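Both of the next two complexes hold chain A, though its partner changes from chain B to chain C.
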Partner chain A sequence: MAEMHQILLKIGPAAFRIASAWRRPLEELEALYRDFPAPTDNSVDFTVRLEPEKPWRRFIRPSVHIGGDFWLPDAAPLPLGQGLLAAEMGMNLQMALGWRRHLLLHASSVEKDGKALIMTGLSGSGKSTLSAMLAERGWRFMGDEFALLDLETGDLVPFPRLISLKNKAIETMQQVVPENRFGPEMKATPKGDIRHLIPPTAAVARMDEPARPALLLFPRFGHAPELRDMGQSEVFVRLTQASTNYVALGEAGFHALTRFVDRVPTKAMDYQSGEQAEALIQSLWSKLP
Partner chain B sequence: MSLKYRAAPKDDLIWHDLDSMTLLFHRPSGITHMLADPAPAIMEVMQDSSLTASEIALLLIAQFEIESAADAENIVLARLEELSGLGLVARVSG
Partner chain C sequence: MIRDALPLVRALREPTSVKPLTSSQWTELISVARAESLLGSLAHRLKDVSVPDRVRAVLQDAIEAHDLARQQALWEADCARRALADYRGKIVLMKGTAYVAADLAAGVGRSIGDLDIMVARDDLPVVESALLDAGWEWVKPDPYDDQYYREHMHELPPMIHRERDRMIDVHHTTLPLTARPTPDAQAILDNAIALENGLHVMAAPDMLLHSVAHLFADGDLAGGLRNLWDINLLVRQFSEADEEFWMELNIRAKTHDLVKELERALRLAARLYETPVYRFSAGQTQFADYFYVRRLLARDGYGRETRKLTRFAFYVRSHWLRMPPVMLARHLWTKWRKGGTPPK
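Entry: the complex of A and B
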């Protein structure tokens, strides 16, 4: 077997080994995760492997196949220039398919005063961009992709991965964040133009500190600003759809999700700009107990 | 003889009320069901007994003090068949 390079990463409660046939994606990862600690005892939860699709593709028009403990058989390989994206997608895949220690929701989250704001919704809802923006305006960033709910306490556990900015969100964040917190821009990937953003230092320093879920939003970008009530039944169904491991967790997942729906006030939020969203969020946040 | 039905054992079920629906987690299958009225009430009045649709309709009418409806038995029967398809009630022979 050809030589593999590797690095270990600890992000919140999860530890990863990223092994790659090429050095370059790992060098990019190392630079972007420079503030993150290494796993304490070198043990990892998941391995992600970036390998050539065929042995000769290591050198000739190199293309990266994502493998690991969990993998999708039909995942299309990416060009080597998008190796960083492949590593990030590989880590997402391991979490989505393999994580069992928390109830996992496709959601972004930020924290203030020990209370967490969780935002979930379809791709394009703006949840990732909103979390990145709020993280530059006094909130602690907890994650832009997965919200991890503790099965015992119901607390939200941080998972402050690199923030994956897409298309217009890249320019929006470039206006407020210094250049040295960005990864390379990857044009025309299967997910559009992608640029990764390193979370603020405080998000990494406090990535072992959970927070109590205090507000759940279903943001929707591109509609006149409005907050709407949502029925518990609708919220429950949409959260089961937003969870990658609700079914796998069985009874523990049922208890965690019903408790969450019972306790956490929820609104649908339409908005057309970050400023509008921030004002709507502030109006809700100031009324929380 | 009329077909009788029996609800899944109590220990197999976890109930949780939401605003407009009732959640029912079925332990043996690990499936979460979302039930609308009157399905939760039907399962509640069945308790641990084997009952016909007509007996269940009478219990519902008595317990919820609703006026006797001519088609109550047919409504109950339709819901029982749905619940049976979900594995939440079983048809009992005899």
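Entry: the complex of A and C
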């Protein structure tokens, strides 16, 4: 069988081998993850495979199938120009289906003074963009895709992979972040236009440093600014839906999640601009114990 | 780079063989074990061997994942038991669920997917309607598939529980009705052993022969290394526990028309996993054994399937074994026109 190229990456507590039939996606990954440390002893948790959908698709209109240790039977292939996105999706897939050392919430998170702000919600809620924006304004970026809760301590563990900016968020962030922190622009992917952003240096340097969850928000973009209370049972149910491994963890997942919901104050937040969101967050943050 | 799955087989057989592995060899071994659904079994085998820290964490994850799978499988079996509380016949658990329910070594760290049960063929309508009442529903509401299952298969079309999202396969024998060997389903039911909760598992020789039938006569050997690992553990446990086991096994192999299949399974298990087998049960080594080994080990260090031609040959063979040629042609023609794939 055809040889593959490969690189190793460590993001927070997880380490990956990314194997690819083509060099290009790996070169892009290497450039964007240049400041990340190599996995200790070159030891990894997961393998991601980027392969041609059919052997001849290695050369003719190359199309990337996302495989690896964990995979989905109906994953649609991507054109080679979106190979970087395929690699990121492959890593997310390994985490979502295979990671058991933390409770995974589909959420973004940032930290200040040892306390973590966690933002969860459906795609389009703006959680990824908000975390990227706050990371440029004095907060430490902890992750834009998965929030990892320690099953023993309840702490939030960073998973600061590349920030995946979509559509209008690309332009918003281009106004505040220098060009050399951006990856290639990928137009018209299955998730819209996508451009990856390298997290700030501090986020990478401190990626083994956990924080205590202090505030949970359910942001919703495009509605008049407002903060609303949420019942604990609603929060619990929505977080079970936002977790990729709640069921797979069994009792340990239940305990971690109930503790989280008991301890962490939660609000629903509507907003129409980054400035509004920042002001609302500040109003809540200043009142925290 | 690992070129085949032999390092996995060696690690299962002889756990200390992993000691000299480098980081990259560990990464490859883990990918192969995950692809063959054997990481849980491997993790249990390597419990007392010193391994690098991250590897230990990966193995511990696998142990915990399979502990939960075991609990869920037993829960699912109990859900079926309660749904069929009014059914008077025997409900026989099969494959992985049976191994964990009977607390056999073959159940340790084994991945378990669907719930497989077996009941008497005449009782299928009763069982089917009780399950439908209790919340299971059809997965493939396609009339051709439905009729095909009912006329030619050894099981009902698969059902899935609408709340728990778990599948159940209700069997009435161990091989498709169109397959050449014809196991004696009634003999299996007659000899099945009751568990404390009223569910049943097959008697030892039948359980092993079902695993053999599953490996050779009902598929293209995908997942074959895992099946053969089951066979290895069942043989070791049953033959150590009972001196008469080999004799009973030979008699039952004749009853179920699986003598040749049993012989080959024992030869392959002995060859790959050094299973201690009774020589007269294993028959003579055949040239074809080489192709089976080649097929079973077709996996590289990225976890990719290799040896496409060998795989394809076994795929064709699986259909050939499952149905007579004219029927196969008619079946493939119908499926092709519908743009689907044949039922597995």
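The rule is simple: the second predicted complex is superposed on the first by the 289 of 289 C-alpha atoms of A that agree within 3 Å, B and C clash if a C-alpha of one lies under 4 Å from a C-alpha of the other, contacts with A are read in each partner's own complex, and residues count from 1 in each chain.
Heads up, the rule we're going with is that a contact is a pair of C-beta atoms (placed from the backbone, for glycine too) under 8 Å apart; a residue touches a chain by one contact, two chains touch by 3 or more.
Being a predicted model, the structure only gives us computed values, none of them experimental.
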Where does A:42 make contact in the superposed view: on chain B (first), on chain C (second), on both, or on neither? second
Considering only touches as defined above, state whether A:167 meets chain B (first), chain C (second), both or neither. neither
Contacts for A:250 in the overlay, against chain B (first) and chain C (second): which applies, first, second, both or neither? both
Should A:19 be classified as contacting the first partner (chain B), the second (chain C), both, or neither? second
Let me test your reading of the model: by the given contact rule, A:276 touches which partner, first (chain B), second (chain C), both or neither? neither
Once chain A of both complexes is superposed, is A:232 in touch with chain B (first), chain C (second), both, or neither? first
Contact-wise, after the overlay, does A:100 reach chain B, chain C, both or neither (first, second, both, neither)? second
Check whether A:51 is in contact with chain B, with chain C, with both or with neither, and answer first, second, both or neither. second
After the superposition on A, what does A:189 contact: first (chain B), second (chain C), both or neither? neither
Dominant contact partner of chain A by residue count, chain C or chain B: C
Overlap of the chain B and chain C interfaces on chain A comprises residues 250
Touching chain B in the complex, chain A uses residues 231-233, 236-237, 240, 247, 250-251, 254, 258, 261
In the complex with chain A, residue positions of chain B that touch it: 14, 16, 18-21, 23, 25, 27, 30, 32, 34
In the complex formed with chain C, which residues of chain A make contact? 1, 3-4, 15, 17, 19, 39-45, 47, 49, 51, 67-70, 98-101, 248-250
What part of chain C is in contact with chain A in the complex they form? 1, 23-24, 26-27, 30-31, 34-35, 52-55, 57-58, 61, 64-65, 68, 71, 300, 302-304, 306
